[in-house]
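One structure, as C-alpha cells, below. Some questions next.
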C-alpha cells in the first residue's frame, strides 16, 4: 500500500510539472528544453532554505518559486521578442548552465554527489491537493483573457499584434506561470525524495514532459494530465521494461504525430457541459445501433 | 488636420521598391479605394500604415499623433483595425473567442483575475462578451458564435474577421481584399455591409480591392498604384477617365 | 592573447562549427531547430566505435562508419519523423516535438546498448602532441582542425556549385516557388538530412576523441546551438563565425574561471549577445511572412 501511495505521489508531482509545461507548450506553442532546470531551481532553493537557513517549509516553497520566476524573467527577457526557436535554444543552454552550476557550487549544493538530508514534508495528501490546485489554476488561466491571447499568439503572431495584443508580454506571462508551477513541483519533489542531484534535471526530463503534453493532446489540459498519468505511471507498472521506456515513448509519440497529430484528446476538455454533450452523442449512437438491430 | 495622414511613405525590400512616395489623407466617414495590379505594393501600404513594417521614409499620423515608428500592437490600440488578404483567424478558438481576442487587450482585470475567477474578471468577461456579440450581430454572424471559424464558408470567415477588427474600436479600418473568393451575392452583401458600417460607425475605411465594380461604387476617392508608384488619385469618375489608369489597369486599348 | 590560446580556440571552434553547420542546414531548409542532432552525433560516434575502432581498424574507417551511419540514420529519421508533417504543412510545433522525440529515441537506443558506461576510442596517434615553436598542439586537435576546414570547404563548394546545392538554397529560400520551378523538394530535403547527418557523424567522432564516449555526449550539441544563435539563426557563415568565436571565448574562460563554470559564463554571454544584437553576427533575421 505504501509503495502504491509513493508511486502515486510521484505521479502527482509530475502532473504538477506537466501543468506548467502545458501553459507554455500547449497553450502558447513555445518549447522549453530547460524546464527541468527550473524544477532544479525549485528543488535546490527550497531545500537549501530549509536545511541551511532553517526556514519553514511553506515559506521556503514560496521563496523558491519567486527565485525561479526572477531567473525565468532574466532568461525570458531577451528571447520573448524573437522567433520561438530562440526560447528552446536559450532554455537548453540554461539547463546546461544550471547543471554546471549545481555541480560546481559544492559548498551550497553538495556538487555532483547531490544535496542530502532534506526532511520529508511532501505527503500523498499534499501532492494531491497541489495537483488539483495546479490543474484548477491552469484551467482558469486557459479560459481567461490571458489564455485566449496565448492561443491567439500560438496560432498567428502577426494577426495577434494587429488585434492590439502585446505578444512579448503574453509570451512572458505564459513562460513565468509555467516556470512558477514547475518550480513548485520541484519543491514537492525535493521534500518527497529527500535527496536531489544535478543529473536528474537534464534536457531528457524536459523532453519527457513535452512528450506527455503531446501524447494527451496539445490543445487539451485534460489530455496533458491524462498523458502525464499514463506515461509516468507506465514505467512503474512495467518495471522490467524500464530501459526501453524512452524508446517506447518515442515510438508512441511518432505514431501519434504521424497519424493523429492532435493527440488522444485533441481539443476536448473535461467539463460538465462537454461530458453531457459526449453522453448525448453516445446515447444517440447506441439508439441508432438499436434501430439498425431492430431493422435487421 | 485629417484623421489619418500618410505623407510620402516609401518602403524597399532589398533592391525592390515596394512603395514610392505614397500619400493619403482620410477623414472620418470616408471610404478610400486602393487599386492596382498584383505586385503594385498595395498590401505593403497597409503593412506600413498598421506597423507590420516601418517606413523607410515618410510619416503616418493618426488623430494628429505620429505613429510611424510605433509598435504594431500600440498602433492598433491607437485606433487602427485591419483584416487580411488571406484570412487570418485564430485556430483553436471559436468565432466568439476570436472576436474576444481583440477585446482582451482592453479588458480591465489583472493577473490575479487571470488565475482565479474573481468578481472583477467575471464582470469584465461578461462586458466583453456583450460587446463582441454586438459586433457579431452587426456583421450578421451572431448565430455562428460557437462555431469554429475553419468550419465556416469563406464569406462568413471574412465577416468574422471584420467583427474582430471592429472590436478594436478603430478610427481607421483597413480592409485588404475583403471580396476575394466570394460569390456575387456575397459580394453585394459585403458592399452593403461596408457602406452601412461607414455611415453607422463613422470611421475612415481604406479598401484594397480587385473588383472594380465594388471599389468604384462605394469609394469617395480612389488611389491607383502601379509598380509601387501612385499613378492617379481622384473620385471614381475622374480615375475612370484617366488614360494612364486605363492603360495600366485595364490594358492598352487597341 | 597567447599563441596557445589561439591554437586551442581554433581547434575547439572548428568542432563546434561542424555541429553548428549541421544544425543550421536543416534550420535553413525546414525552418525548425532539429533537437535530434545531438543524439545523432552520439549514435554515430558509438557506431564508429563498435564497428571499426573496437576491432582495431584505425581512425579513417571509424570516421567513415560514423559519417555513413549519421547520414543513413538522418535519412531514416526524416522519413519517420518529418516527412508527413512537411507534406501536410503542419504547424512548426510538430517539428519541435518530432525532433525532440527522435532525439530521446536515439538516446534510448544507445542507453539500451551501452548502459551508463563510458567508452574510450583507442589511441589513434603515436605521438599525442607536437611541439611547434613554444606551442604544444595535440595531434588530435590538429587533425580536427584540418578535417573540419576541409569538410566546410567541401560543403561550401557543394552549396555554391552543384545542382543539389543550388536546389537546397532555393528550397530554403522559398519552398513553394522552388517546387514550381521544377525542383524536387522531397529529394532536396532528403539530401539536406544526409549532409547534416554526415556532419553529425564527423563531429560525433571528434567529440568522442576529445572527451569520452558516453550516452549523453550529444548534449554538447548545445555548443552548436549557442554558436548558431551568436552567429544569427539561419546563416551558415554566421554559424561558423559564431562557432569559432565561442571556441575562443571558452578557451579564455577556462583559463580564467576553470572548466566547471565555463558553461554558466557562455550562457550569460549568449543572453547579453541576444540583448545587444538579437539578429546575430550575420544580421540575418528570418521574418515571419506578413
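Per-chain numbering from 1; labels A, B and C assigned in written order.
Going forward, a contact is a pair of C-beta atoms (placed from the backbone, for glycine too) under 8 Å apart; a residue touches a chain by one contact, two chains touch by 3 or more.
Predicted, not measured: the structure shown is a model, and the values here were computed from it.
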**Prompt:** Computing the C-alpha centre of each chain, which chain sits at the greatest distance from chain A?
**Reply:** B
**Message:** Measuring from CA centroids, which chain ends up nearest the centre of the complete protein set?
**Reply:** A
**Item:** Centre-to-centre distance between chain C and chain B (centres being mean Cα positions), rounded to whole Å
**Value:** 45
**Request:** Can you check how far apart chain A and chain B are, centre to centre, with Cα atoms defining each centre and the answer in Å?
**Result:** 39
**Cα-centroid distance, chain A relative to chain C, in whole angstrom** = 29
**Message:** Show the residues in chain A shared as contacts by 2 or more other chains, in ascending order.
**Reply:** 154, 158
**Fill in**
Note: chain C residues in touch with at least two other chains are 290
**Message:** If I count partner chains per residue in chain B, which residues reach a count of at least 2?
**Reply:** 52
**Message:** For the complex, give me every residue of chain C touching chain A.
**Reply:** 27, 32-33, 35, 80-81, 84-85, 88, 90-94, 96-98, 100-105, 107-109, 111-112, 216, 219, 222, 225-226, 228-229, 233, 260-264, 266-268, 270-271, 274-275, 278, 286, 288, 290
**Prompt:** What part of chain A is in contact with chain C in the complex they form?
**Reply:** 25, 29, 31, 33, 74-75, 77-79, 81-86, 88-90, 92-94, 96-97, 99-101, 103-104, 154, 157-158, 202-204, 207-208, 210-211, 214, 218, 243-247, 249-251, 253-254, 257-258, 261
**Prompt:** Residues of chain A touching chain B in their complex?
**Reply:** 137, 140-141, 144-149, 151-152, 154-156, 158-167, 173, 177, 219, 267
**Residue numbers on chain B that touch chain A, as the complex places them** = 50-52, 71-73, 76-77, 82, 84, 88-93, 97-98, 100-102, 104-107, 109, 111, 113-117, 121, 124-125, 128, 164, 167-168
